[in-house]
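Structures given as C-alpha cells follow.
Paired with subunit B in one complex and with subunit C in the other, subunit A is shared by the two complexes that follow.
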Partner chain A sequence: MTDFVIKVRNVEPVHVFELKGYLDAHTAPKLEETFQDLIDKGNHLIVVNCSNLSYISSAGLGVFMAFVEDLREKQGDIKFSNMTDKVFNVFDLLGFPLLYEIFKDEKEAVEKFTNAKNN
Partner chain B sequence: MKHNSEKKNLKELIIKSKTSYLTKVRNFISEEAKKFGFSDDEVGKITLAVDEACTNIIKHAYKYSGDNTIYLKLNARNNTFEIVIEDYGMPFEPKAIKMPDMREHVRSYKRGGFGMYLMKSLVDKVEYQIQPGVKNRVFLIKYLQ
Partner chain C sequence: MKLSITQNIMTKISGAVSLAVAGVLFLIVFFIDAVQKNLEIDFGLIVQLRNLFVVLTFVGIYLFIRTIMPKRSVQALRLFGIIFITILSFLAVFLILRLISIDGYEAVEMQITPTDYLTLLFFSLASVISGTAAIIFLYTISQLIFFKRRKGTQRNFIIFLVLLGAASLSTWNLQSLEKSTLSYILFMGAVIAGIANSFKFSWIVYLSKREKMFSIGYSLLLFILFIIFNVTLSENGFINKSLLYYSYPLQFFVRIVAIFSVIYFGMSFVVSLFHLPTAEAFDRKRIELSSVQNLSKLITRVFDFKDLVQTVTNLTIEVSEARSAWLEIIRHDDAGGGTIRFELVAHKNIMPAEIDLITGDDTGLRRYSIETKKVVVVDEFIRDRRTRNIAQSVRNIGSLICVPLLSQNELIGILYAAKTIEYGFDEEDTALISTFADNASIAIENSRLIEQSIKRERLQQELMVAQKVQKKLLSQTIPKLAGFELDAFSSPAFEVGGDYYDIAILGEKRIGIVVGDVSGKGVSAAFYMAELKGIFQALSKSCTSTTEFLIKANNALFGSIEKSAFISLIYAILNIENATLGLSRAGHCPMIHFQNGKVNLHKPTGIGLGLTGASLFNEVIEEESISVGPGDICVFYTDGVTEARNPEGEEFGTERLIGTIVNNSHLNPQELRKAILDDITSYTGLDSFDDDLTILILKRNIA
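Let's look at the complex of A and B:
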C-alpha cells in the first residue's frame, strides 16, 4: 500500500516535488532519499508543491529542516506552494513561515527562483 | 442500584512499535474523535498529537525495534476525550526536555524537538507518568467545547 507519492518534475532550472498523501515518520525516509539524490546530482533549487499533500507530521517537517541549511549554503533553497489550510496550520504552529517562503501557486515559487537568477 | 448517566466510551488499540502502524492509529483516533463530536479541524489536531506521541515512542522508547507493543486506550467521557498511550520501553524524564523557543529553534535550523512542541500545542493537556523500568504513559486530553 502506498499512501505517499513523490513526483519530481524539472522546470528548468528548478525541480518541483509534487507530494501526494500522508507524510509521516513512515514515509519521511522516502522524501529524504529523493532530496539526497537530487542534491547529489547538483540540483539546489527546489519547489515543493503541496496541493495533494493531505497530512504532515513533525517527521516530515524534519526532512526539510535537514536539507535547507545545506541547500542555502550552495545558493539554493526549498520553497513551498499550494498548501492546504490543514498543512499550513502545522507549518504555522512551528513558526516555519519565518524560515521558508510559501507561495499560493507553484508558478510564483518557480518565478521567484528564476527572477533571482536573472537579476 | 446505582444509575450512571455519564456518557462513557472505553476503547483500545494495540499496535506493534513500527511506523507502518501509524496509519492505523490515525484512522482509529480520527474515527473516534469524529464520533465524539469534534470538528474536522479538531479531529485533525488530536490525530496529529497522537501520531507524534506514537512516533516518539517508536523512535525513543523502543529505538526503532519493531517487535515491541504500544497500547492506546481511549477514555471518552462527558466532554473529555482522553487518550492514554503506554509503552514498556526506555524511560525518559519529561522535565529534562526543555520546550524550545520555536522561533529561535527554527532559525537555528534545528531538526528535532518539534513533536513534543506540537503535541502541547494541539491538545489541551499533555501529561506523563514514567515508572522507570516498568512502563511509560502519555496522557493526551482534549475537551469538547
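Let's look at the complex of A and C:
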C-alpha cells in the first residue's frame, strides 16, 4: 500500500514528475520534499505525469495545493497529464479541473509551458 | 590482552638482566676484596670504584625486586606475608651464620679486615642478604603507605628516601670503625622522617573485622621480629661487622630501614588495635553506604530523569571521593538506522568542553567501553596510551575511571569519575563504583520507561478526551420529521477523524443536512472538523440557499486554514412542505438518489472549501433542485465508504454502493445503513474501517 515512487525528468525548461503507486497521507511527505527541493533550486515549471498513479487521497492532493500558489506567483505552474479515470474522478470531485490544467498527454502539457514562454 | 602479555615478558627480561648485572658486580667486588686482602696496598681509585659497584649491585637488586613484587597491591595482608617471609628467612640465615662461628678478621686502625677467604665470603654474603632484605622491607612498607595516597604522601616519602640516601652516602669515605657527626645528624634526620611517614595507615580502615584481627597479630609479630632484626645489627654483632667491612653506606641504609620498620609495625599494631572496636560498625556502614542508602536515593528519583542523572553523578563523587564525575547516556537515532549518539546528561566539577576532549571519539576510552562493556581504569592519565594525547589540554586529572551502564547486557550509558592524583581508583573504589553503577543503570532504565509510558498515557488520555468531544459534535438526536425518516452514522479511522455530518432545523418546514470530509486524518483533521461545525451552526440559519451557505463557508475558510488543507462538503436543504431538496456540493461525493427503482447521482458543480478564493468558487458553484417522491431514498456519504478496499486492494466503489441501496430499498434508513456497513465489512474482511467513514440516509415515507 505504501509503495510510492517519484521520478523527476528534466524536459527543458520543464520538470516532469512521474508518480507511481499510492499517494496518501504516508507517502505525501516524500512528494512534498521533492517539490521543495525543486523549488529551492529555482524550478517553477512542473508537469505531473499520473500514468502510473494508482490512488490519490486528500492528503496527496493537499501537496499540490501547498505549492501551487507559490509557483504561480513566480510565473510557474503545476500541470497534470496522463490521468487514469479513477484518479481523474478524485480530481474532478473536488473541482481540481477548475484549478489546474489537466492534459491527456505529457507532451501537450510540456508544450503548453514552452509555448507560453515563447509568446 | 596481547599487549599485557608482551609487557609481562619485557618486565621479566629486564628483571632478570638487572639480577644478572647485580650478580656480576657482586663477583667483581668479591674479586677486588680478595686481591686487596693479599696485597695489603692502598688501591686508591679502585676502592672508590669498588664502593660504587656495591651501590650499583643494590640498584640492580632493587630493579629485580620491583619486577617480582605485585604491581598494584591492595591487599595489605599479602604485603604483610611478604615481609614476614623475608624477615624469617633473614633470621634463619643469620642463625646458621651464628652457628658456624666466624672470627677470621681483625680490626686494624679503624678498619675491619677479614683474614681468611671463608670469612670474606661470609661477610660479603651476609651484607648482600641484609641489604636485599632491607630493600624488600622498604619497598613493601612503601606500598602500604601509598595505599589511598593523598597529595602529601608521596612528597613525605620522598623526603624520607632523600634523607636515607644522604645519610648513607655521607659515610662514603669513612673507615669501618670511624664515626662522623654529620653522618649521625643525617642518620637521626632520616629516622625522624621515617617516623613522620609511619602515620599512614589508610589500609587498616578498609579491612574487615577479621582482617583487622590478622593485622594486629601480624603487626605484633613483625614488631617483635624487627626488634630481633635490630638486635642482630647491634654494634658487636657479626652482621654489623660484615656490613661495616663491606660497605659503610650499606650499614647505614640497613640500620635506618630496620629502625623505620620497627616503628612502622609498632604503630601498625597500635593503630589496628584502636580500629578493632569500630571495625564491625564500619563494615556495616560500608555496606549500607554502597547499597541500601544510595539505592534508595536513586529509586525515589526515577520520576524525574534530570534529577536522577544528576543524583547519580553526585553520588559517584561521594562514594569514590572523586573530584569530578559525569554521565553520558546513549540516544538511539530512530531515523539513522541504528546509529548511536552519546548525550552528556549530567556533570559535576568539570566543564563540558573538557569532557569533550576526554571522551571525544579520537581517544580510545569510549570506544573501549562500548566494545568490552567493562570498567576501564586509567591510573596515570598523563602517561596512559589512551589519554596521553589529550593530557596537555586537560588539567587536574591524575586518574580516571569509566564504568559502562548496562541494562540487560545492553550498553545504555557510561559513567565517568576523575581524581587529581594518580592511582586514585583502587580495587575497592572500582568495586564500589561498579556496584553503584549497576543500581544506577536500573534506575535510569526504569526512569526512561516511566517517562515513555507517562507520555504515551497522557497522549492516549488526551485523545480519549478529544474523541469524547468529537462524538458530542457529531452524535445528536436525529430530529423526527413528518413524512421523512433520517439516519446518520460516522466512524473515525483513529480516535478522532475529519468526517462531519450535521442536521439543523432552519425553520418550521426547512431542514439543513450536511456531510463533509476534511483532508487528511487524525488530530489535524479533527480540528478543522470542529471549526466546520462552528461555521455551520453560525451560518446555516441565516442562509436562504445552499449556495449562499457554501460561499460564506468558503470565505470563512479560504486563507485561514493551511494551504494544503481543504474540506469537501455537500449541503442539502429539505423543504418538508413540498418535498423538494435544494442541493449544492463543494468538492464532495455526489448524493445518491433512489427513485422508482432507478438511481440518480447528483453532482452539481462546486470546488472544495478552502481551495480557491471567492472569485472562482462563487462563479462555478451550482444548486440543484430535486423533488423527493414517496419511497425515495437520498444517501449522503464520504469517500471512506467507496474507497474501502478488499484484500486485493480493489475499492468498494460507487457501483457496489448503489447495488446495495437498490437491493435494500425496502428497508428503513437505519436498517439500510446497517446493510451497507455489513456489505463493506464483508467486502474488506475487516471488523473495523481503516478510513473515516460517514453515511447519512434520508427516506420519504410511502404513505
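The rule is simple: the second predicted complex is superposed on the first by the 117 of 119 C-alpha atoms of A that agree within 3 Å, B and C clash if a C-alpha of one lies under 4 Å from a C-alpha of the other, contacts with A are read in each partner's own complex, and residues count from 1 in each chain.
FYI, a contact is a pair of C-beta atoms (placed from the backbone, for glycine too) under 8 Å apart; a residue touches a chain by one contact, two chains touch by 3 or more.
Predicted model only: the values in this text are computed from it and were never measured.
Contacts of A:D3 after superposition on the shared chain: subunit B is touched, whereas subunit C is not.
The partner that reaches more residues of subunit A, of the two candidates subunit B and subunit C, is B.
Applying the stated contact rule after C-alpha superposition, one finds that A:G95 touches each of subunit B and subunit C.
Touch criterion met: A:H26 reaches subunit B, while subunit C stays clear of it. In the superposed model, A:E108 makes contact with neither subunit B nor subunit C. Common to the subunit B and subunit C contact sets on subunit A are residues 25, 58-59, 61-62, 65-66, 69, 93-96, 98-99. Across the complex, subunit A is touched by residues 517-521, 562-566, 568, 586-590, 603, 605-608, 611-612, 616, 620, 639, 649 of subunit C. Residues of subunit A that touch subunit B in their complex: 3, 22, 24-26, 55, 57-59, 61-62, 65-66, 68-69, 86, 90, 93-96, 98-99. Within the complex formed with subunit A, the residues of subunit B that make contact are 19-20, 22-23, 26, 41, 44, 48, 51-52, 55, 58-59, 102-103, 105-107, 109-112, 114-115, 117-118, 121-122. Considering their complex, residues 1, 25, 58-59, 61-63, 65-66, 69, 93-96, 98-99 of subunit A touch subunit C.
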